[in-house]
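Two complexes follow with chain A in common, the first pairing it with chain B and the second with chain C.
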Partner chain A sequence: MPPPATQPNVRVVTLNIDGRDLSAREDETIIEVCRENQIPIPSLCYLEGLSIWGACRLCLVELAGQGRLLAACSTRVTEGMQIQTNTEKLQRYRRTIVELLFAERNHVCSVCVSNGHCELQYLAQTCGVDHVRVPYRQASYRVDSSHEMFRLDHDRCILCTRCVRVCDEIEGAHTWDVMGRGTECRVITDMAQPWGESDTCTSCGKCVQVCPTGALVRQGTSVGEMVKDQHFLPILARRRHAQ
Partner chain B sequence: MNLDDLADLAEQYRAIDANVEREVRVCMAASCQSSGAAPVMDALLAGLGDSKPACKVKGVGCMGLCSAGPLVSIADRDASLEESTLYRDVTADDAADIIASLDGPPVERLRCPTDQPFFARQQKIVLENAGIIDPDSFKGYVAVGGYSALIRALSEMTPADVLREVTDSGLRGRGGGGYPTGLKWSTVAKMPATQKYVICNADEGDPGAFMDRAILESDPHRVLEGMAIAAYAIGANKAYVYVRAEYPLAVERLQTAIRKAKRSGFLGNKIGDTQFSLEVEIRLGAGAFVCGEETALMASIEGLRGQPRPRPPYPAESGLWGYPTLINNVETFANITPILREGGDWFASIGTERSNGTKVFALAGTITNTGLIEVPMGTSLRDIIEVIGGGIPGGKAFKAVQTGGPSGGCIPAQHLDIAVDYDSLKTLGTMMGSGGMIVMDETSSMVDVARYFMEFCMTESCGKCIPCRAGTQQMHSILDRLAKSQATRAELALLEELCEVVQATSLCGLGQTAPNPVLSTMRYFRNEYEAKLGDA
Partner chain C sequence: MSTPPKITVATTWLDGCSGCHMSFLDMDERLIELVQQVDIVYSPLVDTKTLPDHVDVGILEGSISSEDDLEKAYAFRKHCKILVSLGDCAVNGNVPAMRNHFKLADVVDHAYRDTVTVQPQTPTRGVPALLSLVKPIHGVVGVDVFVPGCPPSADAIWYVLSELIAGRMPDPSSVTRFGA
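And then the complex of A and B:
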């Protein structure tokens, strides 16, 4: 018997994003469809190949007929959706969210190893954040340099949990986690011991590569030197899922 | 088992106390216990001894007027609270006088009139047994007709019949959102799945709220019966009650109730000799407010960090461990038994057009009668506060009442005549929430109130999403500066902007509603904000 011409259960829907009529598989999320069609959507916690987290709220879009904004990364497409990705209101919200992030920890780009290669910095530029209206929180955290290859600087962390997810879902080590509540949250290794003393860390460096900011970096890098490479992720993720 | 068998059982249980004519009911719920009910109980038991076989001392649940506790009610068997002789602020030393009065005139110095509006103006459905039956007694519950709704559902109704009755009742979720219960049940019932779950949300974390605690402490079997009916209707055989660990008495009574119901065949395997089985387990919450949010609660039951996740998918589609899950509040489940007993149409005839039945409120703050009340939906705020609540003590003037806790808002004096229901409160910029009402008099500063609730949200934020985690912290710091008369007009504008962003962009209800107390106090008391400006 010949194989079925199409997969039985997945249908194709049509939808409209920013005035463009597009088609998509019904199991795709809005952000996936946008990426396929070169429609830019800002995002920090989303990363192709990792599970959906839905926490940074930068990918929010407007859906016609719905009062609440929807996160593009965690919302599946449906037939006939009418989506706006870049209204004046969304731009304003995104700017405020980025400002909140800058003020929450201590981002001073000019002295940061990620200067020029940082997703947060890039977002600030593309969202038009030229100054931060909210006061910096001025909380101080200790840098963890105990690992022989890598360094963790909480002052640059945005708590996107990409490190937590890649370590758990792709590397399988589950070294990272989050502890605390509210603004007291921070990422930890194992049971909150220094990274260098972690029993589970395999030193694979995946967390460093997926970290969008200068929070996780290679030891010995200086200002502007930390360039990250995330190309491995979709390939590994596909292999993982095929297993 | 059919209804006749159950009626026989009830008769048998009633016969145990056949000789008892008068009951000395001592409130043993948490509030009265904290003001010393246990020694009163001991003294009454010791004092009475075997001297009056026709009298019996019995521990009961909350009678509502907690501020006057410890409360003791002397009642004929089966009499309601209003028909009883009620004593307030009772101590162990009063036991002898109370016992002496059992066949004489009442002890006037302890009297608490039961014809006062606090009692007379209430309508009890959810709390019909509270303060009357012994919450630890399975037999006592069956004797007043308990479990007959469950047995009737199992023996005479199909799941579809149950769903229809609940839908007809128009019951809406009492956990805050007011989502139609019948619709929620029907959705879960329709999901094709090999496994489904029922969860009772007893996390109750709003400051000032204790409705769910009182229900569980006063009538735990009613909640279990409602859950079992729900499980039958949607096709689940496993249920969880998620209770906060700060409610040890409620947990203990629930444990006792589950054990006894199971032993008698009303929970567990083959309930009432039918094919329906239900295992009920208690899970303790560790005191994080956000764990009352349904997706965080389920993560917590699964053993994960109690953090919300994006919805959809809703629990009805993908809940505990990915299976369809029905999650309802304690008070929602407590309404099910009377709905099946009296019919959905009966329930729908109580209350307002779109909010049916009654609502339990916890009155707190500067009000004469603090405690628990149950009134029909649509009762005016003025009746609740001035008549039932007895108004503001000390001759002070009423200023505002906060409903919906940290997710709600305040209502000022000019709106006191509003008929309270889900929709009317929304139009005033607040919400029903779970039923906490905090009354404030003219001396309260509304900026302080807003700061208090923002601090609560800030410290309870789970930290997952940026707007709530960082936004509540920024809003709190501006409110703090305002309260100290240090903030500028520009900061006030920034506060308003942050309110809008946090409300629109947060992941879960905690963040989405965190700005409400600020927005509502600003709406009605903007002058107080202006007066606090440092650069005014």
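And then the complex of A and C:
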């Protein structure tokens, strides 16, 4: 869904998150309210400035009176909500999600260009993932080095689609998309052509900067050298929505 | 005043680069403090050739890549009360496991034939047979403490050992991570 445009005269609601009484605009989502109030909620697909995807499920929270868990990124706040963001159950689920991401493709942190600057690696540490309890899939994925400035390594991709969204919504090029189902699912450029042959790519590098892992990186980077900078995103996103 | 009995520690390296043991030695002067509290009864760092029957803490570096690694892991699990996976290779397979995407025969051929110009031959005598799939330690035996890192820092190893000596279970995520 598109990010909600700021409306005049929105109402303010009061809610309780982790025992704290808070007030928020009724057009805000739970994750936005949490971030404003320094309540940490892990997320991989959510990124301020991009549309909401709700795929990674790391931001799941518990809502009193609700049997199911809710994704904080795609749930708007309502009056009187009682939310828990860090229960034992949620910690267990988050840990399992991160482990499954590690087991699915090949995240070899020690030799990754994003080592030390990776959101997945950081989440593993903060969620207490000191080992992966499921067997690794050991599937082989390809690397696309055809672009003169950037490189795509499907081994490190977690399919968060931040690249797809930033390219479409902020750059306006829509070079990226998603193809295939299940384990065959992967991000593609244009009609699944090599990135270097893309007619639509403007080589702006926004996809590289928003990628949470070492899947999209600059050419020529070595282990730990790929530091990303996402400061441009909220600024450009605000200007886009103001138009 | 009687001194408390020392804790016995055994270590060995499997398919790894020995960097985790180097990091262990990097504890520098803290090693002196350490040997007042632990006895290293079996390790590449000491002379003993056989693993004692009863060891308090066993530390394994490296992943399970060969028959020999497998035997050592079984022996450590059998004789050690607490088994520690030290470093990314032991915890998640890391670099040794990157060969899992290829057939074992292709890997061996590449290393000993395709890229060799003088007397290309595959060693068979005196070397343990390689397993087709490289696994982390907990892929073959139960592990009690996981210490990720490539290698885990000397501070991380010091923290883990200090906690174990004090009779507590350490929380390695507070001091180290994958690839650290």
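Assume the second predicted complex is superposed on the first by the 234 of 243 C-alpha atoms of A that agree within 3 Å, B and C clash if a C-alpha of one lies under 4 Å from a C-alpha of the other, contacts with A are read in each partner's own complex, and residues count from 1 in each chain.
Everything that follows uses one rule, which is that a contact is a pair of C-beta atoms (placed from the backbone, for glycine too) under 8 Å apart; a residue touches a chain by one contact, two chains touch by 3 or more.
What you see is a predicted model, and the numbers here were worked out from it, not measured in a lab.
Chemist: Please work out whether A:140 is in contact with chain B alone, chain C alone, both, or neither, and reply first, second, both or neither.
Modeler: second
Chemist: Once the structures are superposed on A, label A:180 by its partner contacts, choosing first (chain B), second (chain C), both or neither.
Modeler: First partner only.
Chemist: So, does A:192 touch the first partner chain B, the second partner chain C, both, or neither?
Modeler: After superposing on A, A:192 lies clear of both chain B and chain C.
Chemist: Regarding the shared-chain residue A:227, is it in contact with chain B (first), chain C (second), both, or neither?
Modeler: A:227: touches no partner chain.
Chemist: Have a look at where A:109 lands relative to chain B and chain C in the superposition and call it first, second, both or neither.
Modeler: second
Chemist: Just checking: does A:235 make contact with chain B only, chain C only, both, or neither of them? Give me first, second, both or neither.
Modeler: neither
Chemist: More residues of chain A are touched by which partner: chain B or chain C?
Modeler: Between chain B and chain C, B touches the greater number of residues in chain A.
Chemist: Could you look at A:71 and tell me whether it touches chain B, chain C, both or neither (first, second, both, neither)?
Modeler: First partner only.
Chemist: Go through the superposed model and pick first if A:129 touches only chain B, second if only chain C, both, or neither.
Modeler: In the superposed model, A:129 contacts chain C only, not chain B.
Chemist: Taking the two structures together, which residues of chain A meet both chain B and chain C?
Modeler: 133, 135
Chemist: Under the touch definition given earlier, write down the residues of chain C that touch chain A in their complex.
Modeler: Residues 85, 88, 91-95, 97-98, 100-101, 133, 136, 138-139, 143, 146-148, 150, 171-173, 177-179.
Chemist: What residues on chain B touch chain A, complex-wise?
Modeler: 288, 305, 309-310, 312, 458-467, 469-474, 477, 494, 497-498, 501, 504-507
Chemist: Under the stated contact criterion, what part of chain A meets chain B in this complex?
Modeler: Against chain B, chain A makes touches at 52-57, 60, 68-69, 71, 74-75, 92-93, 96-97, 100-101, 103-104, 133-135, 137, 158-159, 177-178, 180-185.
Chemist: Hey, which residues of chain A end up touching chain C in the complex?
Modeler: Answer in residue numbers: 102, 106-112, 115-116, 121-122, 124-126, 128-133, 135-136, 138-140.
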